[in-house]
């Protein structure tokens, strides 16, 4: 537990929805529109939290527990994530594994809640979610473990603290490959193009959004906030690896890191505007290639 | 004495070859009877002293081997329409060739056995091969012929060979040899004779082809 | 006492030919069996001196005599029930082809059974190789009518093959005995009598080759009767066509008697230091028998033939054990005991199945556990016992034999044997379990009685095999040890 | 030790009594169940005490001594550790079984079933404590036989018969390898007394040790269900009554792991390839096991394949431990061993939970087909809660127990990866494979819970289901509580494993404790994280509750994008849920699909049937067996029925032997 980590944690809780807003603005800009305000996700959250709720008669307590457990698991995972080269509020040897499995816990309950509605749409989304995440999980974990091997640790904090210009000079290829892997996993896990299209709520092509069709009111607010946190976590991995800016002054570093996160959101938005969704059948190939990139990084390192 | 023995042995060889090369059941029985006589006189030639016991053994053997069994066989065959051994598994020529090979094998085996040393008989280099050859002839008949009667005759020939071997190898215990061979013959030929009666009753003929229902190969029995 | 063991059943057997009443005759059968067993037990309690020139009882003989006696007891009890079921007067339809046939007269059956017992006892008691040969020959003579009990053409064929093949074998064994005599004849001297005690003190000198050739002839000759592959060919036919109670005796007792014939010569070989030469022969016969059994057990459609091939397998294990020497000889002898008890139990159970299902086809005798629970349990337990599954006795004896294979530096032989055993297990497993388990078949009458006479012997035999797997009685161990030591082995 | 003996005697009595009372099934059932449960209670208490006190004790009675046998039992931490879950699951199974079997009373024989159940438990006690190799083999086979008879308990069903046969054959072949091992062991050491083996194995060349190790992996791997030796498992476990499935899957297959540990540690320092072999076997088992589980519709088959997966994880952990020992990385080896041990314990808890639950569902709905279930959580809420906990635990999610074992394994692999490059690829493969397995397991068990418990019932039978009786529910509840307790407290258990780890690694206790000391930090952190997650759940739930208080909360039909007439049959089924993943691996799984599409412009009905059979069985074992069968059948011409040929065999044998004997010359 450390003070800077706690501040970063609070920052994440506060700024996470902003990333969604940035992505939306970038997409609007590419489409030549003004687009919604950058703070729109905050407005949405506030609105949703003020509403009542409608539940399907089919559902059980699992449906109501889904958003709660998901958010709780993401909040716990966020506590392990390093930011600005600084360990998260909680850090210990092996927290890599706990972090990845907490994300798994979140997914487990999202999927169960979706299946609880008995709707075919949500079943379909759940089915795709488990497929893609089963393939994304090895990519993420192998990637993190390889990074840990490069930096001789099994804890996220020291791992990202050790990444810096010096390491990029000596093991640039390895880090680049890992960055690619992390970015692919980011896109997949956060349901962005080319894996998913968050804009097309009502089409058969989507994954994550379709799972939460039946949620409304505060529950949906929790889900929305949860996905913002998730995006923050993955962006922190990518940004921590690619933009390891340190000047020594903690506050400047933190500001730079927030900037790097926003930059990541910008890239995600750009990718989303420039690319089409992949055919569902092609998606596994991309995820497997992320794992391959991570393994390749390992081979390069131990060469 | 030795020359007599030689003659008997040569005759034994010839009867064996005759059995291998012939196809008529009648010839088989007659040749077997002749062999019985040849084998029967053997104790008289082998023993140095002509005891009464030896004579009795010789007489008994001849009575059983060349009178009783041929008669039994002949009786059995009286009911047959076909008195030939048709289509044996191997032709008569091949049987003869096999016979020649058997002579070779008999010589090879006896060559490799050290002297038996009993009564100096084994010094007579011809006795052991002749005995083995008779045994092999009997086995060849058993393996290649189709009719049950022929097979029993083959068995008889084999027993003759064993008897000769016994005479050669353990001349002192003639009685044991006698007992053994006669018991064997009794069991074999007598019981088989009874069985051939039954076989005839059950199947109308005595080709052992008919006796191939119990098997684990080919169609259902 | 030794003479009584032979004469008593022989006398009873001759008497049985003349007794008119079925009841008295069956009583005579059981009484003779009881008396014989009583004499055998007495031999355990108060062992007679090893014996004279012709007859004697050493541990090896005692062991096999006990097997014969116990098995005969079980079969005699079973036969009472069996003969009660069989009708001897009328012709009846053959089970498989519907041909009409009639049984042998019951007097012939009972008489031959008793004479058969007498001759097997003689085999166990003989101390003279000539007498031994005569006794083995006589077992063929007395058992052939038993095989031909159901007088139809298949049992005739089986009896014919049995007679012809075994006679050839026994003839070769006689020749072997002659050679053996030559081996022990001193140069220019007199041929010795073939008394075992004499042979075990004599020397061969330069005549080792004669002894070797003698052994080859005897092992092929007696091996034919024992059912060693590839001379085993009569065995499945005879076992499948004779009444089950006869099959039980043939498989459990007769094969052992032939084995004893080989063992007697083995004793001589061991004494003269020639056993090394014969070991590969016995191992070869052992593995060949197991392999042949494996081939024919897989997918065997007839359950009595199945049991017959299983006997071939176990004779192979016995030969293997003797061939390996050392501790394996002990294992082999123990295995003879276990196998006899188990196989007898299985054949008697098979007889019960045949009586109800009226077919020998495995495919038609289904659902035993549902139709006849006791028989079903016996059948499956028998399968487990015969394949050497713990905790049955066969496991221990197999274990000793295999263990000796590994210990004596023949691990490859051990592995090959284990592989063959596994194949045999698979074959038996599929067939036996298909028969044992499942729904009751429609072809079977609704209410099936399981008569007590037919149940008690196999149940007791099964319990005995189980007991032998859990506990090795000290007296048995002592006798086995002594017998194995006389064969140059032992633990 | 005396507690164990009491338990053993009680069990033997409780297996004899039901058989004696076979004419009165209710009485037999009561005797068997109570006797079994009481014996397990005694055994559980005594083995927990023995483990906690690191007791080592032994007793021996003479038994078939000329053969080398002895009825000698020895209790040490390793035995005690395996005995604890064994007694727990068997005891709960005895209670559960009585309720479960009550449904068959009058149709099937309950007396024998209870006899074999208690015999199975008794034989497992002996297997886990035997210190004589012959006694071990005998009890091992008795265990196989007892479970075989339990599998074929309902042998009127062809499926049970087939499963039983397959099981018996596989077990027998596996045991053959163990026999080879024991016989080789006896050859090298000259004794069957296992306590003398470790010292005697020391001087044996490495190649022979490797041979012994392979025998062990095949022999015990068959029982443990390692791929590709697992073929019997997905058939036998579903065919058995559910309490037996729980015992077989939960604890019986662990005896394979026990055997590997018990005998494997005797072989001394391993070669690197031993670990590589186990890692390969483990990876194949876990990835393929879980993929096959995913493709099954039968709920118990799915659980059985999942057992293959979990045994694969244990094999993986053992493999990592061996690799680490070969590379002289003691900490890594210890952690991996601890992971294997913990996973054994954890799997016993959650797998028996799931089988108990599946059995209760089967009894309530009369079907094991996932696609015929649905909406059961509403109808059996308490059982459903237990099942969801079990599903989360088996998917290795924090804060449940499954995670602790996997965490340790990852920890070991990462530590090994960071400290040595030689075996880097092996360890990285282990990590990647484990991660993939984790993802697939999540898919598999969300499918199980989602399709069976959630949504609407798909059939009238499922709709008519009601909460089962207490005897069905309580074992599930107890095990679910254990899942959570072990998940939170599991890390502390690792410290208690030190004496056992010292026994297995051969290092002194002080050294083991010293090596484990740095790991207590992360382990405590895992517990803290588990507690944090629980606290956060409570906080968020409380916040949500506060937000909704007093607001308008309504119930309606599922929205389903505004579709007007949702019916239960429109739900995603288990088959469709798994389709993307199964489709992705279709080349490996060889799933078969049968379509039946009605012709015409307005087709009335259509059907699709997807089925995934065991690839290893169909593509490897069946062809091999058929080949052997065909090849051997070819030799049947030997018995052609012609007596002439038979005599010819005699002649050939005679001449051959004569030639062989006389070949040297006179």
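For reference, chains read A, B, C and D in written order, and residue numbers begin at 1 within each chain.
By definition in this document, a contact is a pair of C-beta atoms (placed from the backbone, for glycine too) under 8 Å apart; a residue touches a chain by one contact, two chains touch by 3 or more.
Bear in mind that the values here come from a model prediction, so they are computed numbers and not experimental data.
Peer 1: Tell me, please, which two chains come out on top when C-beta pairs in contact are counted per chain pair.
Peer 2: Pair with the most C-beta pairs in contact: A-D.
Peer 1: For chain C versus chain D, what separation do you get between their C-alpha means, in angstrom?
Peer 2: Result: the chain centres lie 44 Å from each other.
Peer 1: When the C-alpha atoms of chain A and chain D are each averaged to a single point, how far apart are the two points in Å?
Peer 2: 36
Peer 1: Between chain A and chain C, tell me the centre distance in angstrom, where each centre is the average of that chain's C-alpha atoms.
Peer 2: Here the centre of chain C sits 78 Å away from the centre of chain A.
Peer 1: Counting in whole Å, what is the centre-to-centre distance of chain B and chain C, each centre being its mean C-alpha position?
Peer 2: Each chain reduced to its C-alpha mean, chain B and chain C end up 31 Å apart.
Peer 1: I need the residues of chain D touching at least two other chains; which ones are they?
Peer 2: Within chain D, the residues that touch at least two other chains are 636, 638-639, 643, 645, 647, 658, 662, 666.
Peer 1: Going by the touch rule set out above, which residues of chain C reach two or more other chains?
Peer 2: Where chain C meets two or more other chains at a single residue, that happens at 160-161, 164, 168, 209, 213, 236, 296.
Peer 1: Chain pairs that touch, all of them, please.
Peer 2: All chain pairs meeting the touch criterion are A-D, B-C, B-D, C-D.
Peer 1: Once bound in the complex, which stretches of chain D touch chain A?
Peer 2: Residues 374-375, 377-378, 381, 384, 388, 392, 395-398, 403, 406-407, 410-411, 414-415, 417-418, 421, 424, 428, 431-433, 435-436, 438-440, 442-443, 446-447, 449-451, 453-456, 519, 521-522, 525-526, 528-529, 532-533, 536-537, 539-541, 544, 547-548, 551-561, 566, 568, 570-572, 576-581, 584 of chain D touch chain A in their complex.
Peer 1: For the complex, which residues does chain A have touching chain D?
Peer 2: 49, 51-60, 62, 64-65, 67-69, 71-73, 75-76, 79, 90, 92-98, 100-102, 104-105, 107-108, 111-112, 114-124, 126-128, 130-131, 133-138, 140-142, 145-146, 148-149, 152-154, 202, 213-214, 217-219, 222, 280, 284, 291, 295, 298, 302
Peer 1: Which stretch or stretches of chain B touch chain D in the complex?
Peer 2: The contact residues of chain B facing chain D are 89, 105, 108-109, 111-114, 139, 142-146, 151, 208-209, 211-218.
Peer 1: Help me check something: in the complex, which residues belonging to chain C touch chain D?
Peer 2: Within the complex, chain C touches chain D at residues 160-161, 164-165, 168-169, 172, 209, 212-213, 216-217, 219-220, 224, 230-231, 233-234, 236, 277, 281, 292, 294-296, 298-299, 330, 369-370, 384, 387, 389-391, 395-396, 399-400, 402-403, 405-407, 411, 414-415, 418-419, 421-423, 425-426, 429-430, 433-434, 437-439, 470-472, 477, 481, 491.
Peer 1: Applying the document's contact rule, which stretches of chain C touch chain B when the two form their complex?
Peer 2: On the chain C side, the touching residues are 96, 130, 133-134, 137-138, 140-141, 144, 148, 151-154, 156-161, 163-164, 167-168, 170-171, 174-175, 177-179, 181-182, 185-191, 193-194, 206-207, 209-210, 213, 236-237, 240-241, 296, 300, 305.
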